[in-house]
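If you scroll down you'll find the structure; I have some questions about it.
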Amino acid sequence: MSIVFKKGTSVVLFVVAMIFFFDYFWKDPTLQGTATNLNNWVVVIAAFALGLGAYSLTVRHVQIIRKRGMLMPYSIALLVTMFTFIITGLVTHSISSPEYSFIYNSIIVPASQALYGMSSFFIASASYRALRAKSYESLVCLAAAMFILFLNAPIFGVINPILPSLGKIVWDTSISTGMRAILIGIGIGTLTTGLRIIIGQDKAPLGGGD
Amino acid sequence: MLIAGRLSWLVVTLIFSAIMLSILYLSSKKIYVPVIREHPGIAAIKDAIGRAAEMGRPVSYSPGTDTLYSTKYAADTAAALTILAYVAKESARMGSKLIVGISQPTVLPVAEDVVRTAFTFEGKPEEYVEEETVQFYSPDQWGFSSSYIGMMYREKVAANFLFGEHAAEAMLISENASTIGAIQVAGTTNVYQLPLLLVTCDYCLIGEDEFAAAAYLSPDPVQKGIIFGQDLAKLICIALIVIGSILVTFGSNLISNLLKM
Amino acid sequence: MTDIFVVSIAAILALMIYTILYRENPAFRLGEHILVGATVGNAVVQAVFQIQNVAITKFQKGMETGDVTGILYIIAIILGILLYFQFSSKYRYVSKISIALMLAVGLSLSIRGLISVNVVGQIIGAMQPLNSVQNIVYLIGVVCVLLYFVYEKKVSNIIGPLPKIGRYVLMMTMGAYFANVLMGRVSLVIGTLNDLFVAPAYYFIPIALLIVIADSLSRRKIAGKKS
Amino acid sequence: MTLRESLSQNYKPIIYFILFVLIGFPLLHPLGLPLPIDQDCRDVYNKIESLKAGDVAVVTQYIGGGNRAELYPQYKAVLEHLLRKDGIKIILEEAGTESPVFSQLVLQELNAFKRKTYGVDFVDLGYIPGDEAAIAGLCRDLHALVSKDYYGTPIDQIPMLKDVNTAKDFTIVVDITASADSQFWLNQAYAPYRTAIALGMASAKVPDAYAYYKAGQIFGILESLKGAAQYEFLTGSPGLAIIGMDAQSLAHLYIAFLIVAGNVAFFMGRKKK
């Protein structure tokens, strides 16, 4: 039985990939329908996968509570919040009900916004800690960063009008050069990685084993 | 019926795939085995795990916040899982504790399997603790990153690896890891986060470096050959760009018209 | 009244999260665990609705009307359930069928999109007439950066110093992007602060600051005694 | 432990605190730092200023929680300018599920319903799902794609839309977005109909937009919060963006200082060794 499934995995990988490739350049209603169906199924399978995650999270925190570890109060808070959301959502049967929007807007929105906004603070400390001229390479990197600062903040133009125009030169020459090459490389690399997995050479992304 | 504008895609994909697969075939039959330089990033990973083992502090790993079925970063996640297999083996061998933080539930079963297999392979299956070695946090990027940051502080990790797709949370994780004093190796194909990771991490695999590193780590050394196929594809791109630019200078749009077919 | 309540909770939670800038502490830990619980709970609710409203409803409709697309959703449901064989160490391989399907869809869609946008699209974009110094420099830059990503030893020997130049160009691009991100991120802080600078939320800021200062002073004292 | 030792080990909170003050202070007490105007922003202003009665301006946006801080001020500034002019038909459209909230907010904040007549001077089509296909439909035949406006009124009963059918009838399109749909408008409106397009972008996407501007495919760009502030200055109605720009200037100055300070510290440390 297990050998059937193991062979089945490789067959699924190959056949599904071929369906999507042909669908991309060949116009055929059956092909298109199959691809759309497969795509929709994946979303449903992923929804089922969330059960695995929620189970794993719950088990870990129940264990912490059982052991009465240092993190016990926090684990209780986590489980309480999680089940509050689940129960509110399932009871009101909608994610746009006033009760659900209330907990969503008062917990998830501000906390996510705070975390997102925090990255500017980390840019500040990284500028101090990491943008140092340790080598010629990092000198180039920090000089480019400096010139873009001149360009973006109006105040530098007031200090000396040459500063932003220097920034503009760096901007025009550097901004798309490196990125274009990286993007081409990523496209080719995706093909390599995809091929290796589709032909069954790299098994790790399926969980390795055997 | 062929869809208009997709012919160039078909030709490019076919040619590149043919090159990669034939190089792979040649090298696996030992007819032509290309010599691939070891990527400095791999040495950096090894060093970081070694240092963590010396200090007796754990190693943390994140395979990214995108799914297995992402339409843009699926290969990125896959490469991160291949590198995870290597990191798990190395840390089992050197005896440092590994903690893997997972954001996407679809990645969770795979990562668990990868780490479990690697530990068994190194003869230390008892070091894999269910729900503890591979920890699920949250599919939401901010829920994930806050948990990951908290974990790094509480466990005092000595080495942190960020592979796979990370969005804006990359900077949060990497800068906090540096506060703890962890050595960091990162890699991503998300071009908007690359500059941030490059500046804040000790070593960064830029874009396709990550794919090449994943291929380089395949257990069978002969199969590294496919990386040479990748190089050849790139050389073709360079040739197209250079010839195309020269033709454009003389007023011919031949190559770009061909590519738009 | 509820407005004031929401604003207060939101402000306290945001400040609790912000304390990580000082150090890892109980306030951050609480905020962190609440956020994780909330986001996972939210994801579970959405997943349940996804399964209910998409898969099961479409399957039922398909059974009633005989629509094949709808009936076939049963395969997705079965594949989703197969994932749970993950818990059995003996039959774990069964769940790999579902994983293989997801991976195959993701990889093939990525290859589709990235070859046409990243490779073909960018090659077309890179071709510019070589009639100005800027364009010539640009072409050399792109080629050198591409050569930087060559891994085969023989080819690397032939191309000589070009990858080194590519590395410099790459560092310049990275530096420029790094600084360019700043403007967007500062705008975000401005947004958060604008939300915090509203009554009654701003009363919490000095309180948070006082707690942080008191904590840092007491920690200095302890550290002083130890040494 | 001396103060100096503890500072060298634990310098980050101090860096963060100073940044917090530098961003927070100007929000409470605007400093009025000078603000030069970029050409790409002035181009947007001039084009809108040159609109005549009867011209149609389509303003579309993809504002969501994450990019709201950067894009909403742009949206507000452009609409304020359009509302001031007489006889211009303004069509609002949203490309994101969260976006309609921001259109309602801006109409309220600008007092649009009192200043102009809904259905004669401006209309909100609401969120239209379908990404590029939706934009293509809007450009090909507006009446075929949209049947009702945001409030549920049938499109046929809205007087100002009687003579507006395809992208040929749009005098200008201003697309305010942080996502790929700027490209969609270029493909669907500029390429086939040569409709004039301007983009309002979040800073991460400005490089992409700049390439189109240089190629003459779009007539102007509002660059992130900076663009919004410049636009507010040009229209003479200072708001959130100009105040925010003071904070931006100080933050950029501070980062530049930090880079220099970091390098000084680095070279001093190396000398000692």
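Letters A, B, C and D mark the chains as written, and numbering starts fresh at 1 in each.
Definition applied: contacts are C-beta pairs under 8 Å (C-beta built on N, C-alpha and C of every residue); 3 or more make two chains touch, one makes a residue touch a chain.
As the structure is a computational prediction, the values presented were derived from the model and not from experiment.
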item	value
Reference chain C; chain at largest CA-centroid distance	D
Chain pair with more C-beta contacts, B-C versus A-C	A-C
Distance between the centres, which are taken as Cα means, of chain C and chain A, whole angstrom	3
Where chain B and chain C are represented by their mean Cα positions, the distance between them in whole Å	15
Distance from the mean Cα position of chain D to that of chain B, given in whole angstrom	35
Inter-chain centre distance, chain C versus chain D - centres from mean C-alpha coordinates, in Å	23
Contacts with two or more other chains, residues of chain C listed in rising order	17, 20-21, 29, 31-32, 35-36, 38-40, 42-43, 83, 86, 92, 99, 102-103, 105-107, 109-112, 114-115, 119, 123, 126, 142, 146, 149, 170, 173-175, 177-183, 186, 188-189, 191
Residues of chain D whose C-beta touches two or more other chains	12, 16, 66, 203-204, 207, 226, 248, 251-252, 255
Shared-contact residues (touching 2 or more other chains) in chain B	6, 9, 13, 16, 67-69, 74-75, 77-78, 106, 109-110, 112-113, 137-140, 142, 146, 154, 176, 192, 194, 196, 198-199, 206-208, 212, 227, 230, 234, 237
Complex interface listing, chain A residues touching chain D	109, 112-113, 116, 120-121, 123-125, 127-129, 131-134, 142, 145-146, 149-150, 152-158, 164, 175-176, 179
Interfacial residue positions of chain D with respect to chain A in the complex	11-12, 15-16, 19-20, 33-36, 65-66, 203, 207, 210-211, 226, 245, 248-256, 258-259, 261-263, 266
Touching residues (chain side chain C, partner chain A) in the complex	2, 5-6, 9-11, 13-15, 17-18, 20-21, 29-51, 54-55, 69, 72-73, 75-77, 79-81, 83-84, 86, 92-94, 96-112, 114-115, 117-119, 122-123, 125-126, 134, 137-138, 141-142, 145-146, 148-149, 166-183, 185-186, 188-189, 191-192, 195
Residue ranges of chain B touching chain C (in the complex, touch as defined)	6, 8-9, 12-13, 16, 34-37, 39, 67-75, 77-78, 106, 109-110, 112-113, 137-140, 142-143, 146-147, 149-150, 153-154, 176, 192, 194-196, 198-199, 206-209, 212, 227-228, 230-231, 234-235, 237-238, 240-242, 244-249, 255-256, 259-260
Of all residues in chain B, those that touch chain A in their complex	1-3, 6-7, 9-10, 13, 16-17, 20-21, 24, 67-69, 74-79, 81-82, 84-85, 102, 105-106, 108-110, 112-114, 117-118, 131-132, 135-140, 142, 145-146, 154, 168-169, 171-172, 175-176, 178, 189, 191, 194, 196, 198-200, 206-208, 210-212, 214-215, 218, 223, 226-227, 229-230, 233-234, 237
